[in-house]
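The two complexes that follow have chain A in common; it is paired with chain B in the first and with chain C in the second.
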Partner chain A sequence: MSELVLDIKDLSLSFLTSGTPVSILKSVELQIAAGEIVGLVGESGSGKSVTALAISKLLPTQITTFSSGSIYFNGMDILTSSEESVAQLRGKKIGFVFQEPMTALNPTMTIGKQLFHVIRRHSDLSKEQAQAKVRAALEEVLIAKPEIVENQYPFQLSGGMRQRVVIAMAMSANPALLIADEPTTALDVTVQAEILNLIGKLAKVHGTAVLLISHDLGVIANTCSKVTVLYAGEVVETGKVSDVLRTPLHPYTQALVKSLPDIAARGSSLETIAGEFPDLRKRPEGCIYAPRCPKKFDKCSESPVLMKVDNEHSVACWAQGSRSSS
Partner chain B sequence: MLRLIRARLAMLVIVLFGVSIITFLMAHVLPGDPTTALAGPHPSQETLNSIRAQFGLDKPLPAQYLSYLSDLFHGDLGTSIRSQQPVTHEMLAFFPATLELVLVAFIVAIAFGIPLGVLAAVKKNSFSDYIIRFFAVGGVSVPLFWGGLVMILIFYAKLGWLPSSGRLDIELNSPESVTGFYTIDTLIAGDKEAFINVLKHLVMPALALGYVQLAFIVRQVRSSMLDALSQDYYLTGRANGLGKRFLVVRYALRNALIPSITIIGLSFGSLLGGAVVTETVFDWPGMGKYVTDSILGRDFPAIMGFTVVIALAYVIINLLVDLLVYSLDPQTRK
Partner chain C sequence: MNQDLLVVSGLNKTFSFKNKGVKHENHAVKDVSFAIKPGEVFGLVGESGSGKSTIANLLMNLESVDSGEITFNGVTIADSKAQNSFPYGDIQVVFQDPRSSLDPRMTIRQIIEEPLRFLSGAKKTELGNSSDVVRLIQAVGLREEHLDRRPHQFSGGQRQRVAIARALITRPKLVVLDEPTSALDISVQAQVINLLKSLQSEFGLTYLFISHNMGVVKYLCDRVGVLNQGELVELASNEDIFNRPTHPYTKKLLSSVPSMFKEMESQ
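== the complex of A and B ==
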């Protein structure tokens, strides 16, 4: 296994909401090696985006408390590092692509200028060289007429085009890690495939480690080599995409996989998960998924830890633990 | 761009037309007749009739309006009943003084209001934010005349630093009128002493008038900035490692200015209204004092002339604001 670009260990954090701390992430573990594309999957509110923002220390400092754990980026401990040294990483070593291409670009600055300023910020290029790099960066994300696009404003471009520009910006300094937070959720399905291919291709060419956040298992299956499943701020299962999606071990992952629409089974109604997403203000004792779990038993009143099933596949479920041990 | 200007100019004509009808009607609907004010105590019916005929007040209302409108097109605002002088001349004499005061107040308000609004937003809920907001609330809620009087009490009566009234000390001669702005005219004349004296006279009225506007601008800019700072593009900019100052100015402020400028431009009207009060407090020889005296003397042509000129100034300022917004917002340039 090559060196880890990102190593999140036992990360727990909480937000201060109307005076009381609410636990958002609990003992999150996540590792990404160079050149690897890792998916982070979970429903809304499961803490995917919070995890992503925590890596770049972009969470609002006044309300965020880190209660345990560490985030290592290329061996540097992000959480204990100063704001200045983390700011040095942003855009240069860690690229970010957000969900909403429609609002992710400055509406009053041309595409070329926005790219230009990011490029100049992270390099010693002269103005002319940076200008040439703007053109090259737009070409690299397969924008057909960069000489026109660079003089346009965001509102003149389609969502797919804007997301390409956002990717071009995030990749312009050739970062070691690209964090893509639901990069295709706001886009058409056809455009979605193009954007995912683009991210995959760029990561391969530049050897970039990618954290791909999605609530869409299909997206994860097509793009990633590994996947981590998050539920209510806790990792419930992690492993190779082929293992986790083909033989899911956690009841939640199993339910997720089952709830995927199947073209072959037309006419049958979609599977849903019974019960409701837990209120994080009142995190239940024991297994967080237990209230919705069909396989719940006595042991579930204790919090499960991630247990290795085989070399790379881990699951946080007592039912699984007892089955493999029995 | 040209299309916008043309559309706005057409609007200007319509607005002025509306203003002329409204002022004309208001002047005639209000009880009280200028003839009685003019004729002195216990006039004979004959005197009243001859005065009415002299000002065309005996004709039917529509006819009076039409002749008023046609004069207006020729730049003739009528003849003041009190002074028997053409209103246009009197406007030209008084308007520059008001405009100078209002513009200086406006510039002061913008020059301090925008940076303070930005600071308050960037340092939200900090000590400096609270201080700035405290003074902003003060500016919006303290009556202008009271603030002006307190300033006179401190800086004129107690400290003796600044003059309390007028545009220039009486010992000094008024500069030769080129622009009507004493600040500029004294500079053109090369009279340094008079220039400094003019500035001293301007400080208090401009601050008193500008403070209200400044408070308004601070609040407006702060809230637009808070909105811009919470936008996705600002987060993208941060995630791309752009510098804080660059982000605040080119990402947040650049976008926050668009709604701010529109609203600041609209508030220019209240500044003109505030000038009337300020001029009374500081005995500033501008339109405000002139119109107050005209209203008390029921001098219809003067009141109507004032209203039309103020409406014109207001519409022109908003035309400039529209052009500014147009140049700031690429979406309107489509």
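== the complex of A and C ==
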């Protein structure tokens, strides 16, 4: 296995809300090697974005408590490192692409100028060299007329073009890790396909490790090699995309896949998940999914850990664990 | 009776605006025609800017028609003359985001009952005072005690159920569903889709379902119209659109959808 760019182990954290700590992430595990695209999938409130922000220490320090675990980025322990040294990584070694490119870009500055500033900030290039790099960065994200786009403002570009610019910016310092948080959710499907292709191509060319966060299983299936499924801040299943989505083992992943209308026969009812998302202020004892799980049994009153089913496929479910050991 | 419930013919809508003294025109809906039969689920798909929501707004009398005509139950309800009476209550709408379509200051009961205040004529006499509010809140899967709460006390999926109950209180014949599940999580989306299906048979509804989500449209719609930049480029049965698309744009749209199952089949 190649060198891990990102190695998150047993990460638990809580937020202080109205004076009470609320457990947001519990024992999260996530590894990404160079050149690998790993998907992080889950519904609203599952902790996808919190995980992304934790990696670059962007969570509000006053209310965030890390209760266990570690985040290693290229061998550096992020959680024990100083703010200054982590700040050095942001934008340079860790690039970001967020959902809404209009809010990620400065509306008062031309595309060329903001890209120029980012390049100068993260390199030792002269003004002339940086100017040339602006052009090259726009060409790399397949913008057809970079000499025109350079002089345009964000509002003059379409959503897809804006997201290309944001990707150009994130990739301009050649980061080791690219965090793309719902990068195509605000885009049309035909544009989405182009942007996902672009991210895949850049990761391959530069050997960038990519964390792709999405609620869309189709996006994950088409772009990632591995996927981690989060439910209420806990990893319930992780493995190769083909394994996890084709033969999901956790009852939650199974229900999620079956609730998609894409393959359901017309006339049949869609499968739904009983009950509601748990209130994290009162995190249930034992398995987090048990209150909604059709397969729960006595053992589920204890918290399951991620158990290996085979080399790369792991699941946090007692029903599965007992089956594989028997 | 197999008369069409809704007939849209030759519909046009252009928005014009000025920027730095220069007049711009956006031809949002170009000569669009389609008809919806009673009891049908008719889908309109397309990307942003394709004119989906403009068509919904024209149907709901929220925008005026430039040219063309909309008839409902054989009666003209919109044309360029703009002196038609709109059949309030017979056509209702559910929008995408229940966080912004429900008034946060009103109770759920007030929200659901509000459309009744705008009825007139026979509908007013029929529905006037009595109300189906308790029956409806149960029909959408919530409970009577929820009626005295306010929107912020509900999840996104529950709020969309309230918006659906509000649409049904006037006993509409046609419900326009404008991206009704796009703001919801996958598992919640499945619940709302199941609900829409069961309400359709329970209340004998006809749906105009507007969406960019091909999976949902394929599952729910009997016939589908594909919009591209204001034009209806293809109109066919569900079967034909998804298995034998003919227009290049429909083909492009379908091939762009990232389906996990497409990926798996190719492996």
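Throughout what follows, the second predicted complex is superposed on the first by the 318 of 326 C-alpha atoms of A that agree within 3 Å, B and C clash if a C-alpha of one lies under 4 Å from a C-alpha of the other, contacts with A are read in each partner's own complex, and residues count from 1 in each chain.
Basically, contacts are C-beta pairs under 8 Å (C-beta built on N, C-alpha and C of every residue); 3 or more make two chains touch, one makes a residue touch a chain.
Fair warning: this is a prediction, and the values are worked out from it, not measured in the lab.
In the model built by aligning both structures on chain A, chain B fits alongside chain C without clashing.
Applying the stated contact rule after C-alpha superposition, one finds that A:S56 touches chain B and leaves chain C untouched. Legend: residue contacts after superposition of the two complexes on their common chain; A:A221 is shown touching chain C, with no touch to chain B. Contacts of A:S44 after superposition on the shared chain: chain C is touched, whereas chain B is not.
Look at A:F98: by the touch rule set out above, it reaches chain B but stays clear of chain C. Of the two partner chains placed by the overlay, only chain B lies in contact with A:H117; chain C stays clear of it. Taking chain A as the reference, the larger set of touched residues comes from C, when chain B and chain C are compared. Using the contact criterion defined above for the overlaid structures, shared-chain residue A:Q192 touches chain C, although it does not reach chain B. In the superposed model, A:A170 lies in contact with chain B only, and not with chain C.
In the superposed model, A:T272 lies in contact with chain C only, and not with chain B.
Residue contacts after overlaying the shared chain place A:S242 against chain C, while chain B stays out of touching range. Across the superposed structures, the minimum distance from chain B to chain C, using CA atoms, reads 6 Å.
No residue of chain A lies at the contact with chain B in one complex and also at the contact with chain C in the other. Listed in rising order, the residues of chain C touching chain A in the complex are 47-48, 155-156, 185-191, 193-194, 197, 212, 214-216, 218-220, 238, 252-253, 255-264, 267.
Of all residues in chain A, only 56, 58, 87-92, 94-96, 98, 100, 103-109, 117-118, 121-122, 153, 155, 166, 169-170 touch chain B in the complex they form. The touching residues of chain B, counted against chain A in their complex, run 231-233, 235-243, 246, 250-251, 254-255, 258, 328-331.
Across the interface of their complex, chain C is touched by residues 43-44, 159, 188-193, 196, 215-223, 241-242, 245-246, 255-257, 259-264, 266, 269-273, 276-277 of chain A.
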